[in-house]
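Have a look at these structures, which come just after this line.
Two complexes, one shared chain (chain A), two partners (chain B, chain C).
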Partner chain A sequence: MTDTVGIVIVSHSKDIAKGTADMVRQMVGSEVKVAFCGGNPDGGLGTSVSLIIDAINDAWSAKGVAILVDLGGAETNSEMAVEMLEPARRDLVVVCNAPIVEGAVMAATEAAGGSSLAQVKAVAEELSAD
Partner chain B sequence: MSLQPETFKSLVKVAAEQVIASAPELTTLDQAIGDGDHGTNMKRGFEAVLGKLDAISAQPLDEALKMIGKTLVMTVGGASGPLYGSFFLAAGEALSHDKHLPDDLADVFGSGVNAVSARGRSQAGEKTMLDVLVPVLETLKMAAGQPDLIAQVRTTAAAAVERTAPMQATKGRASFLGPRSVGHIDPGARSSCVLVQAVCASLEGRQ
Partner chain C sequence: MLDKADGQIFTGNVRLVHAVGMHARPAVKLTKLAKKFQAQISVRVAGAAEWINAKSVVKIMAMRAAHGSTIEIRASGSDAEVAVAALVDLIASDFPDGA
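Up next, the complex of A and B:
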């Protein structure tokens, strides 16, 4: 399945990332590629750039990938991961400014309808409006 | 201030060891106003740098700095990874583009500081590592070429880290505390100070 935007969930906690991914899959089944990661390189709470890069590649779609994050370090490390992708992929990955659980579910639901990356990001970010 | 390969190697070693030694202090500071992982994160990152020390110091200086940056990015596991990583990546990049040490030290350091500011979308005055890095950059500019430059940089860094205590954090996890962040030294400013002081000490030892 490469004609829907992929979703990546990045939390400091692998349990939160996995739980969020489970909720997304409940909504969209296998229509949308979903990958998740959580934990620092030692497995403690935190995030890992190399795990984020792996997750982006796992969820890769020609339509792009939307990343949902929890707290600051997840966002900073996700932005770093995007910059470390091969140049052709960088412009097709966005980090959404949205709450992680609601944002991931909304983004995936939008993606399942075949929406563009910009539309998926916009729908997730409506949750952060006002 | 020449920078021969052996000097650079021992400088990186001293800096990494000082960060690792300061991990308990950084953790204590971060427990007060953050999530308490700054010490262990920095220790993990700089242990990885030490593990690659031979490979790093075998590179030309620009590539060596980029290698340090990439190692920190991949191993730290918190926001400080991309922040410190971006500093070294940008400093290395500056050296790849017509900048030379020691003449362009302030420019090279400034490239790193700009990268931290961009990565963190932050400025000095927000109780972050920039509150040490920016004053150090100013001293590097103002005191360039002066015989006591290193001593001035040490004094600047030590004073700058103390000035983060009365600041209220508006960036990072400490910003969640609002006014309760006041009265604590910022852990990122402290780790920046440790790094700057270690580099100064290493260079002074070789003068």
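Up next, the complex of A and C:
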């Protein structure tokens, strides 16, 4: 199998982020790179731009990275993390408008087949289409 | 694209033996397998009005096929015959791990 789109999971809770990543690995398999982050650096609830950037680097693929988020700050901080990447990589990272658990499983399933970043994002977002 | 089997449709029927029906894990396995083929592949619960794209994990998960129901598969394209056989085998063998 050629390179596949990577998946990043960003939750306010590290437990939710880790649990979602576990579900993706068990249900979809290990051919898709999955990274997660959750909680602020003090161990409380929250999201951190620098941890999101680390996760993007961990899941990095030449085909791009799709980010799944939970509530408000997870999305704005993820967008900020994308803006802080080098210009050449910025266009290869997207934040998906999808429920975090379902979106991550659907996106990873699509990615496993070798689909493009746009296709992976579209499949995750099918969930919130109706 | 030239396709020697163009227009020819292969079909298969298989009983869903999975204890809880077509739930999340089986749906992911079916979709992943379907994506390995070039053929256009559709499935439905026997007699259902609509065929569902076997490569759409969202739609497969939403089809909610029950335990004991019969799944109909049809495919067209160069590797359609192999694709139908592979999917029938996956469902008949109850979605083994590693599939």
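Observations
In this text, the second predicted complex is superposed on the first by the 128 of 130 C-alpha atoms of A that agree within 3 Å, B and C clash if a C-alpha of one lies under 4 Å from a C-alpha of the other, contacts with A are read in each partner's own complex, and residues count from 1 in each chain.
Just so we're on the same page, a residue touches a chain if its C-beta (ideal position, glycine included) is under 8 Å from a C-beta of that chain, and two chains touch if they have at least 3 such contacts.
Remember, it's a predicted structure, so these values are computed and weren't measured experimentally.
Applying the stated clash criterion after superposition on chain A shows that chain B and chain C can sit side by side.
Contact with chain C, but none with chain B, is seen for A:126 once the two complexes are overlaid on the shared chain.
Shared-chain residue A:50: touches chain B; no touch with chain C.
When the shared chain is aligned, no partner comes close enough to touch A:70: not chain B, not chain C.
Number of chain A residues touched is higher for B, counting chain B against chain C. Of the two partner chains placed by the overlay, only chain C lies in contact with A:106; chain B stays clear of it. Of the two partner chains placed around the shared chain by superposition, chain C is the only one that A:28 touches, whereas chain B remains out of contact.
Looking at the shared chain after the overlay, A:42 reaches chain B, while chain C stays out of its contact range.
After the chain A superposition, the centres of chain B and chain C are separated by 150° when viewed from the C-alpha centre of chain A, nearest 10.
Of all Cα pairs linking chain B with chain C in the superposition, the shortest spans 27 Å. Taken together, the two complexes place no residue of chain A in contact with both chain B and chain C. Contact residues of chain A toward chain B in the complex are 40-42, 44-50, 71-73, 76-77, 79-80, 84. Residues of chain B that touch chain A in their complex: 35, 37, 40-41, 44, 73-79, 81-83, 85-86, 119-120, 172-173. Remark: chain A residues 27-29, 105-106, 109-110, 112-115, 123, 126-127 touch chain C in the complex. For chain C in complex with chain A, the residues that touch the partner chain are 24-25, 28, 31-32, 35-36, 55-58, 61.
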